[in-house]
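Heads up, there are several structures right after this.
Below are two complexes that have chain A in common, paired first with chain B and then with chain C.
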Partner chain A sequence: MKTKLLSSNKLVLAVVCIALLLILLDIFMAFFISPLVRGARLSEPVIIVGQMVANKLLFSQKIFYLHVPVALSSFIALLFTAVFSIRYLIKRDPLDDMRAYSCTEIALVFVLATMASGILWTRFEWGSWWVWEPRLTTYFILTLMVLAYFVLRLNIEDADREASFAAVFGILAFINVPISFFVTRIVPSSIHPVIFRTDSGLSSSMLIPFIAGMIGCLLLSFVLYKLRISLKKSDFELQQVKEEFESLYKKRLKEKRVVGDK
Partner chain B sequence: MFTKFLALLKKDLLLEARSKTVLSSMLIYALLVLTIYGAALSQTADNFDILQVSSGLLWALIVFTSLIGLNKTFSHEGEAGALYALLLAPFEKSLVFLSKLCANFIFLVLLEVIVVPLFYFFFLQTSSLSVQSVLLILPLLLGNVGIAGVGTLLASITQRSKSGDILLAILLVPLIFPLLLACVSASAAVIIGSAELMEGFMRSCGIAFSYDAIMLAASYALYEFVLRP
Partner chain C sequence: MDPLLLEAYSTVISAVPFVVGAYILIWVALAVFVGASYIKARRIQKELDALKSSLEHLKEDRSKRA
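Moving on to the complex of A and B:
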């Protein structure tokens, strides 16, 4: 038991180190190697909150190398929440519920990081901390749903019921993810930059840090997920041991009393 | 099967016709929200164009008031184990879900029949409404279907929770947000009535319709996991 724990800990540590190194590489390359981008991302100059967004060399575009991998990781974490939720509803395996719960927790971390970095960029680029723009709005709604998922879980007492209700809500909430992802493409009034276009043609000095960041974020979320799951499993085992101990203790107490009566 | 569905729906409507708890509380709540709007708009300047915000105000009123009704979806079923009896009865559980959904839809329509004219009476009498305002019926109906569909599913979740009323709001409002946005823009288009906005009307109604279709399908697939004793 002890050796197994140690080796898995070593593995976790190694993966964390790789993930952090990749993210550091991403940040380093983004600032020192990748070229500045001409601000041609809007089809025409647009006035946003009283400021003209014109074509210029965009230093703020550097956010792309971290903000986008983090946001995509949050989407992927929520995808896994939905997958495990569906699996739970079909198979009724408590482990699947535990997995869905952990995925949502990881999603919350990445959603909050996306929000924080995005808001800074919005302030710099659009001149306002918050704009009710389709992408921002749908992502904000996503944040509220992730928070609501936890509120729901805390408010249901019966464990089986909590699991199936949370699964149902997790699936419903996931429907918003594709909406949030594609909204910059389908709503013409969206001013959020559209990434993942076939015509964008990133140069390798831009693609490499982005991919490094993407892999780094995915590895990081995977490790966080693994840690969370192992914590929950040990918690579950601890509860079982506690219950066992308590029943044993009561039994012994009873026996003692019987002996004492004699 | 259809007769069974009608019997279930009739039961819900009859219960409401006798007790009048849901509709009366929804109506009084809507009146209160309108009163609050009165205070909120009391300090606006003379040239303030109420038409610009009226569609949003109307939908805020509908969403808040729908929460009151949805919370009471299962209130009658708690008495004397009625829900257990309903789920043990020899018909498919989907009928229970569909009849509750229809009842909620009818309550919302009845509420709007009273509240929308009241809204006009309180806030829009002096403004010149466009002719197309009659088309408001379309986004209202689409909105009602979506709110009733998702709301009925969520109400059956929250009725078993420790803090039912507030939990329903926390779950429902983010989920119906895309529908709300589409309905507000469609309603604004017909209330203001300019040509460029009218182009967006059909698109917004299309978005609302596809939202309704997706969410009703998802709710129908998932209701059996929440409708268990």
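Moving on to the complex of A and C:
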């Protein structure tokens, strides 16, 4: 059977295990090994476990260890949407359209996970569920564009037109990715934390879980992509079998009628 | 407890529900996606198997008649 999804493919199963192990390592290190970052100054320094602490300790930053890898995975999924969309527009191969569609589905999951985790951090740190800040605004536009991609696909009947329009829209949605990524560096009024910069100075106990989470999320995206592409291929096969069955069934009905007339 | 220690850790306890909530929401999003894909895969497989067997019967029937 073609649609024996994850269980039938040993490589995919191995990748799932590695991805989950890396993400669990990320979470374990984030909570039990990585130090708490320092916030506002204390009225007086205090000694904690033999160390002089002069600032409040921030636990909310722990969200970063999974929120950022998930957000970056959404960007990478959209990059592949654009790549396969361009390939579709050049070669007109339906498989490229399926690949672009699957990548956008992965992007949607990661975008929603990023928004959900980000909103909780915003509520705690900034005291509001939403702030019209450059990063949040551009990412919100990105979310709407990803959702619009599916609305567009659902509303076009003709398969070729649907694939072509979706390919163009997929490329347009990707344009927002570099804007959203760099906006915190370009716009000085942005208050969103910037992780990737030359002076970020992440210690190894913070960098290792982050990298583990990043690789884990990328591997997980790959597995989810394989899952969706396999689903789409099976669905395509189903449509073909349906058509074959219908045409044979009609022929049989005609034959029956002819015999009946005689 | 030492009031200075309390001040140093003042944001830790209040942040716990938000941090845990964020991690849970990420896993829920992934689980819903995987679950929905699994359900769809099972439905397609079921439909495909049924159609294939019906198609086989139809073909056999036609070849017998021929």
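Operating definition for what follows: the second predicted complex is superposed on the first by the 233 of 262 C-alpha atoms of A that agree within 3 Å, B and C clash if a C-alpha of one lies under 4 Å from a C-alpha of the other, contacts with A are read in each partner's own complex, and residues count from 1 in each chain.
Keep this in mind: a residue touches a chain if its C-beta (ideal position, glycine included) is under 8 Å from a C-beta of that chain, and two chains touch if they have at least 3 such contacts.
Values in this document were obtained by computation on a predicted structure and should not be read as measured data.
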(message) Contacts for A:Phe245 in the overlay, against chain B (first) and chain C (second): which applies, first, second, both or neither?
(response) second
(request) Could you look at A:Val151 and tell me whether it touches chain B, chain C, both or neither (first, second, both, neither)? (result) first
(request) Specify the partner with more touching residues on chain A, choosing between chain B and chain C. (result) C
(message) By the touch definition at the top of the document, which applies to A:Ile141: first (chain B), second (chain C), both, or neither?
(response) first
(request) Return first, second, both or neither, reflecting whether A:Arg123 touches chain B, chain C, both chains, or no partner chain. (result) second
(request) Sort out for me which residues of chain A touch chain B in the complex. (result) 89, 137-138, 141, 144-145, 147-148, 151-152, 155-158, 161, 164-165, 167-169, 171-173, 175-176, 179
(message) Give the list of chain A residues in touch with chain C in this complex.
(response) 1, 3, 5, 27, 36, 39, 42-44, 46, 48, 53, 55-60, 62-63, 66-67, 70, 105, 109, 112-113, 116-117, 120-121, 123-124, 220, 224, 227-228, 230-231, 234-235, 237-238, 241-242, 244-245, 248-249, 251-252, 255
(request) Going by the contact rule at the top, pick out the chain C residues touching chain A in the complex. (result) 2, 4-5, 7-12, 14-16, 18-19, 21-23, 25-26, 29-30, 33-34, 37-38, 40-41, 44-45, 47-49, 51-52, 54-55, 58-59, 61-62, 65
(request) Enumerate the contact residues on chain B facing chain A in the complex. (result) 150, 153-154, 157, 160-163, 167, 170-171, 173-175, 177-178, 181, 214-215, 218-219, 222, 225-226
